[in-house]
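Presented below are the structures under discussion, each in the form of C-alpha cells.
Here come two complexes built around chain A, the first alongside chain B, the second alongside chain C.
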Partner chain A sequence: MKVSCLQDNLAKGLSIVQRAVPSRSSLPILGTILVATDGPRLKLAATNLEIGINCWIGAKVEDEGAVAIPARLLVDFVNSLPPDRIEMDLNVRTNTLHLKCARFEANMNGMDPSDFPVIPSPEENNRVSMDADVLRDVIRQVTIAAATDESRPVLTGVSVTVEGGQATFAAADGFRLSVRTAPLKETAAAPMTFIVPARALDELARIATDQEDPVEMCIPEGRNQILFHLSSVDLVSQLIEGRFPDYKQIIPRTFTTRTVMNTGELLQAVKTTNIYAREASNIVKLRIVPASDLAPAHVELNATAAQVGDNVGEVDATVEGQGLEIAFNSRYLIDVLSVISEAQVALETTTPSSPGVIRPVGSNDFLHVIMPMHITQ
Partner chain B sequence: MPIRLLPPEIANKIAAGEVVERPASVVKELVENALDAGATDIQIETRDGGRRLIRVADNGSGIPAREAELAFARHATSKIASVEDLAAIRTLGFRGEALASIAAVARVSLLTRAAEDEVGTFLRVEGGQVVQREGRASPRGTTVNVENLFYNVPARLKFLKADATESAHIANVVMRYAIAFPDVHFSLVRDGRLAFQSPGSGRLLDVLAKVFGADTVARLLPVDPAQDASLSPDAKVRVRGYVSEPSLTRSDRDGLMLFVNRRWVQDRSLAYAVIQAYHTMLPEGRFPVAVILLEMDPAEVDVNVHPAKSEVRFRNPSLVFSKTQRAVRRVLVAHAPVPEMHMPQPAQPQAHTERFRTLSQLGLEAQRTGDTEAVRAPVFQVPERPDPAARRLPPLRVLGQLAQMYIIAEGPDGLYLIDQHAAHERVMYDQLMAQQAAAQAAAQQLLQPLPVELTPLQMSTLEEALGDLAALGFEIEPFGEDTCLVRAVPAAIAGDDVATVLRDTLNELGQEPPPPVQGHRVTAVVACHGAVRAGKTLTVEEMRALVEQLERSEFPRTCPHGRPTVLHLSMGLLAREFGR
Partner chain C sequence: MFYIFDGDDDFSRDEALAALKAQLGPADIVSLNTSVFDGASVSLDELRHACDSIPFFGDARLVIVNGLLARFHAPGRKKAGAAEPGEGEDADEPASGAHKEYRTRLLEYLPMLPDTTRLVFLESVLLPSKSPFVALVAQHPDKGRRQAFSLPNPRSRDGLGELAAWIRTRAKAKGARIDAPAVDALIDLIGNDLRLLDSELEKLAAYCGESPITLADVRQLVPLAREAVVWDLIDAIAQKRLRAALDTLRRLLNEGEPALRIFGLMVSEYRLLIQARTLADQGYTDDRIATRLKVHPWRLRQRMDAARRGSAESLKATYRLLLQTDTEIKTGVQEPEAALEFLVANLCR
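Presenting the complex of A and B:
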C-alpha cells in the first residue's frame, strides 16, 4: 500500500472512527483502526462489535493495500503532526506502516488486516432517509429517556417505528417516556419496527454534526443490524432484540390542568431549585396556582433538604383548570427542558400521583411523560 | 403397672440428672461451694476430661467435723435458713443439692477441716452412702475428689462428648468464675498440666489477659461507671466490664460473657442488647468480645429459675437491657477510630535496639548530671485515643479510583482508602433513616407497574416486610402467587435495577430470624442493595460528592453492616514503611 492524504482529513476521519474503539478489550484487533485503500479513497474503520464505523477520506492512492494500526498510537501521532501532506507506505511482509509528514517520520507496527471484523456496507432494500438536522434533533430529544441500567436491555434502546411517510422514536427508562415523530424523505415501502441502542444513536448524532445530505437508514434482511449511511461515514449497530413496552397506553389521554410556561424561565427555575433538590432525592415540588383576584397565574417551585435548608422560586404561567401540587425529579425536568427548542412548554397534569405530560407549544411531534414523585407519610 | 413410690436411689439419680449434666457441672458446683466458703485460692484438677477424676481444693472455711455427713444429704445447706432468704440470695449456691447429686452418680471423697477443728475429716461416699469416715490431717479448707463420674448411670456416660470437648467445657466454667472473682486465684490442671491460671490480683483486666490473650485485651475498651454519670454507683443497676473495639470481632458469640451479681448467666436478650449496641459497626455474622458485669440489688433478680442457675429473671428487664445497651454504645461511639492499616513490620532489630540504647543512655546521662528536664520530656509519643469529635471524617481530597472499587483520598494525616460500595451504603442508609425519622420517604413512581417474579420464600418475606418497605417508599402489591407489582420505588434507588434490588433485599431479609428492630434492618438491607457496586467506574465528581456526603455522616467509619468504609494510612505509617 502506498497512499498520501492531508493531515487535516486523516485527523478528522480518525476522530470519527475512534469513537468505536473499545477502551478495553480482550481482542487486540479491536484496539486497532483499519486503514485500507478503497478505490480512489482511504477507508478508516473501527468497531467494538456493538457498533462499527467506516469513514472515507480523500487520498491519492498509488498502490492498494490495508493494515490494522493500534488506535491510540495512530490517533495521537497524526493529531500532533503539522497540517501537511502525509505519505504512507506499508511493508506488507511485516505489517509495518511507514508515515512521513513534513519533517516527521514514523514506523508503526500493525496487525494483519484480514483479522479485522468485516463491517457490512449498505444494501438497496428496506431503506428510508431523513434530514440530518431533524434526525439529530430527534436523537437529542429521545435518548435522554433511555435507561442506562442494563437490567432490561430493551429500555437501553430507542424504539423506532417506520410507517408511511413518518418515523416514531420512543425511549423510556421506567420513570419517563420520550416520544418524537419525524417525517421521512420518502414513504417507506413497508412498515418496520426495531430497537436501536441509544448509545449508537448518540454516536450517530455526534458524527452527523456537519452532515448536509439526508441520512439513510437501512435494515439488511435477517441480520439484526441497522446501517446509517452518511455521505462519507457508515455507522453499523446491532439492534436490540426483544419487545419494547407498548408506550401508547402510558400516554395519558386526558388532563385536568394545563400549564403553559416559558421554557427557558422554567429551566432556569428548576436548575436553581435543584441546588437544594439534589440534596434531597432530587424532589422539586411544583405548586400550580391559577389566576385569582390576588395574583396572576404562576407556578411556584420549591425544594427542601433536611440538612441544608430550603428555597422557593416562581415563574409566570397560564393555567387552564384547577390548581395542583405535584413533585418531580428535578433531573428529569432539566433533561427534557434542555432539549425543547420551542419558546413555550405545556405541562399537562391530572392528580399529584398521575403522570405529567410535557409538550412544546406549537408543535405536535414531541411529548414527554414524567412520573411524579411522592412523599409517603 | 401399679403406681409406686420410687426407691431413693432412683429418685436421687433422676434429681442428680438435673444438676449434674456433665463433668463441667460438677466443677461448677464444687467451685461455687468453694467460693461460698470464702476461698481465695481454688485449685481444680481433672483427668480424662473429668471422667476419671475431678478434684477441687480450696482454702475456704471448711466443714466442721460434726456436719460433714450432713453435707451429703439432699437439701442440706448452710447458705439459707428461711424462705425469705431466697428472695435475696447473696451466695452462689443455695439449693443444698450439689454434693448429694454428685454423690449419687460418682465415687466421692471429701477431706475438710474447719478453722476451729484440730483434725480434718475424711469421708468416702459411694452411691449416696457413707462407706468410710476417719480423722485425717488436713490444711484448712475443703478438698473434694470426684472419681468415675456416671459409673452407675451408663446412659449419661454414653452421651458424654470427647475428652477434649468436656475439658473445654470445664475450662470455660473455670474462666467464667475467674472473671467474676478476679480476687480469687484459680488454677486448672488438666491431665497433670497447668491449663489455666488466674493471678488473683483483683484486677479484671489481668484475668481477661489470661482468658483472651494480651492482643485482644489491648483492644478492649473499659465500660466504667466512674466515667459515666448515668452508671453512678447508687443507680439500681450498675454496668461495668470491657467491650472490644468494633474492629475486633469473632465469628462466634463465645467472647460475649454476661455476669449478674458475679454469677455467669446466659440471657439471649441481654446478649442481644450488647450486640445491638454495636449496631452498624460490626460486619454481618461477626460478634464482639464483651465481658459485662451487672450489679444490682439481689431482690431485683431471681436466680432460682433453673437448677444450673445459668438463667435469671429480672424484675425490670427493660431497665437492665437499656442500661446495658446505652453504657456499651456510649463507650463505642466515644471511641470509634478509623481502623488503621496493619502492615507487617520489617525486621529492623539492629536499628531499634540501637536507638533504644541511645535513648536510655541519654536518660542515665541526664540523671547523673541532674538535668531532670531531659528525663521528664517524653521520649516516645504515645498515640492518644481520638476524642469523640474525631469520629467524623476530616475533609478529604479525592485523588482517584482504584480497581473500580476504592476511592483514594488525601486527608490532613495521610492517605484514606474508601470502599465505594460501603461508603455509599452508609450514605444511603443515613438518608433513608433521616427520611423515615421525618416520616417522609421520597418515592418515585414507575411509568408502568413492574412485575417481579418471586420465589415462595421471597413472597412470604415480602408479606412480612411490606410495611417497612412502604415506609421507605416502595409501593408493592402482590399479583398472583409468585409475582408482585412494583408501582413506586424509593427515590434513592430509582436509577437502579429495581427487580434485582428487590429480590436481593428479600433474600437477605429472609435469611436469618429477623431481630426485633425491623425498621432498621430493612433500611440497612435496602441501602446495601441499592448502593453503588464495586466494579463501577466513578467520575471524579461522583467520587467527590460521595466523599462529601460521607464526611457529613455521623458514623462515617462503618457501613450499616459494620464493614469499615474507610482505611487510613497515616503519614506516620507511610514514613515508617518508607524508612524515612
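Presenting the complex of A and C:
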C-alpha cells in the first residue's frame, strides 16, 4: 500500500472511527484501526463488535493495500503532526506502516488486516432515509429518556417504528418517556419495528454534525443489525432483541390542567431551583396558579433542602383548568426543556400523582411524559 | 411497604422476590417500574428518588437494593449464643459517621415510603436480631416485613430433617414422588445447595414420570453420583471382590470418567477411611466422627463398615500403594487406566 492524504483529513477520520475502539478488549485486533485503500479513497474502520464505523477520506492512492494499526498509537501520532501531507507506505511482509509528514517519520507495527472483523455495507432492501438535521433533532429529543441501567437492556434502546412516510422514535427509562415522530424522505416499502441502542444513536448524532445529505437507514435481512449510511461514514450497530413496552397505551389521553409557559424562562427557573433541589433528591415543586382577580396566572417553583435552605421562583403562564401542586425531578425537566426549540411549552396535568405531559406549542411531533414525585408532607 | 429478605438461602430469597414481582402486574409494566441498586454504592438520594416516583403507569414501583443494610453493621465477632444461626454482626457496634447518618435518615424515611412503592432489601447474611431495621419492622408491621431465609444445615439433625422435607415437598410440587434412600443420596451428593437440588429434581421428575424417584435414578442421572459409584468400587475392594471391583472400574471408564479423576476420588475415599478409623480407635462415636470430618452421617455410616474391616495399619499400607501408583502415573511408568487396573487387582489380594 502506498497512499498519501492531508493530516487534517486523516485526523478527522480517525476522530470519527476511534469512538468505536473499545477501551479494553480481550481481542487485540479490536484495539486497532483498519487502514485500507478503497478505490481512490482511504478507508478507516473500527469496531467494538456492538457498533462498527467505516469512514472514507480523500487520498492519492498509488498502490492498494490494507493494515490494522494500534488505534491509540495511530491517533496520538497523527494528531501531533503538523497540517501537511502525510505519506504512508506499507511493508506487506511485516505489516509495518511507514508514515512521513513534513520533518516527522514513524514506523508502526500493524496486524494482519484479514483478522479485522467485516463491517457490512448497506443493502438495497429495507432502506429508508431522513433529513440529517431532523434525525439529529430526533436523537437529541429521544435518547435523553433511555435508561442507562444495563439490567433492563430493552430500555437502554430507542424503539423505532417505520410505517408509511414516517418514523416514530420512543425511549423510556421507567421515570419518563420521550416520543418523536419524523417524516421520511420516501414511503417505506414495508412497516418495520426495531430497537436501536441509544448509545449508537448518540454516536450517530455526533458523527452526523456536518452531514447535509439525508441519512439512510438500512436493516439487512436476518442480521439483527442497523446500518446508517452518511456521505463518507457508515455506522453499523447491533439491534437490541426483546419487546419494547407498549408506550402508546401509557400516554395520557386527557388532562384537567394545561399550562403554557415560555420554554426559555421555565428552563432558567428550573435551573435556578435545581441549585436547592439537587440537595434534596432533585425534587422541584410546581404550584400552578390560574388567573384570579388578584394576580395573573403563573407557576411557582420551589425546592427545599433540609440542610441547605429553600428557594422559590415564578414564571408567567397561561393556565386552562384548575390550580395544582405537583413535584417533578428537576433534572428531567432540565433535560427535556433543553431539547425543545419551540418558544413555548405546554404542561398537561391531571392530579399530583398522574403523569405530566410536556409538548412544544405549535408542534405535534414531540411529547415527553414525566412521572411526578410523591410530595412528602 | 418495605421488605427485608435476609439470609444465606439465595434460592428461596430469589423465589420470594419473583413471587412479589408476580403480584405487581404484567411483566413488562413491572419491568418499567423496577429499579435495581447495588447497596455498596447507592446514595440515599438515589434511593429516595426511585422510591418517591409515582409508578410508571402501573400500580406499584419495585425498588430492589442488594446488600445495603449489612453495610450499616461493621463486621464483628460472632456473638456467643447468637439468637439466630449465621448471626455474625454486632448491631450495637457503632458504624462510621457517614454510615450512621445514612442509617438514621433511612430509618426515618422508611415509615414514610409511598404506598405505591415496594422497596426490597436483599441481604446475603442474616441481619442481627437487634438491628434497628428489624426493630423497625416490628414497630411498623403495616409498613415493613421481614423474611429470613437460612439454608438448612445438613450436618445438624434438625437441618437434615428440614432438608429432607424440602426435597420431598419440592419433588411433590413437580408432580413426583421420591423414596427415602434417594432423598439421602441427594443430600449426601449435593448438600444444601437448593438451586442445584431443584434443578436435579426437575431432571429426575421428568425422567421418572409417574414412578417414584429411587436411589438408582439418582445414581444414574445426577453427575455427582459418580462419587457414589467410586464408593461401590472401594466397597468391592474392601470385601476383596475382584470381579465386582474391576467391573465397576470398567463401567466408570466406559462412561467417560477420566482415569485420573477416578484415582483422585479413590484417594479421597481412602483418606476419609483412615481418618474415620483413627477417630474410632480414639473412642469417638459415629455421630462425632461425622461432625468432626464434616461428612453426612449417612455417608459415614456406609464407610465405617469398611473402615473397621481391616487394621488401621492395612489402611495405611493401602494409602502407601496409592502413593506409589500416583508416582508411577505421573512419571510415565504406567498408563493411568492400566495403573488403575493393577491397583485394584493388588488391593483385592
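Assume the second predicted complex is superposed on the first by the 375 of 377 C-alpha atoms of A that agree within 3 Å, B and C clash if a C-alpha of one lies under 4 Å from a C-alpha of the other, contacts with A are read in each partner's own complex, and residues count from 1 in each chain.
Please note the rule applied: contacts are C-beta pairs under 8 Å (C-beta built on N, C-alpha and C of every residue); 3 or more make two chains touch, one makes a residue touch a chain.
Being a predicted model, the structure only gives us computed values, none of them experimental.
Asks: Give one of first, second, both or neither to describe whether A:Q211 is in contact with chain B, with chain C, with both, or with none.
Replies: In the superposition, A:Q211 touches no partner, neither chain B nor chain C.
Asks: Just chain B (first), just chain C (second), both, or neither: which does A:G174 touch?
Replies: both
Asks: Name the contact category of A:T148: first (chain B only), second (chain C only), both, or neither.
Replies: first
Asks: Have a look at where A:R243 lands relative to chain B and chain C in the superposition and call it first, second, both or neither.
Replies: It touches chain C, and chain B stays clear.
Asks: Thinking of the overlay built on chain A, is A:Q307 touched by chain B (first), by chain C (second), by both, or by neither?
Replies: In the superposition, A:Q307 touches chain B alone.
Asks: May I ask you to decide whether A:S159 touches chain B, chain C, both, or neither, giving the answer as first, second, both or neither?
Replies: Neither chain B nor chain C is touched by A:S159.
Asks: Looking at the overlay, what does A:T273 touch: chain B (first), chain C (second), both, or neither?
Replies: Touch partners of A:T273: none, neither chain B nor chain C.
Asks: Would you tell me the residues on chain A in contact with chain B in one complex that are also in contact with chain C in the other?
Replies: Of chain A, residues 149, 151-152, 172, 174-175, 177, 245, 250, 280-283, 329, 353, 355, 371-374, 376 contact chain B in one complex and chain C in the other.
Asks: Of all residues in chain A, which touch chain B in the complex?
Replies: Within the complex, chain A contacts chain B at residues 148-152, 172, 174-177, 245, 250, 280-283, 306-307, 329, 353, 355, 369, 371-377.
Asks: Going by the contact rule set out above, which residues of chain C touch chain A in the complex?
Replies: Residues of chain C touching chain A: 28-29, 31-36, 45, 48-49, 52-57, 112, 114, 116.
Asks: Using the touch rule from the top, collect the residues of chain B that touch chain A in their complex.
Replies: Residues 431, 434-435, 438-448, 450, 470-471, 473, 488, 490-492, 494-500, 552 of chain B touch chain A in their complex.
Asks: Residues of chain A touching chain C in their complex?
Replies: For chain A paired with chain C, touching residues are 149, 151-152, 154-155, 172, 174-175, 177, 243, 245-246, 249-250, 280-283, 329, 353-355, 371-374, 376.
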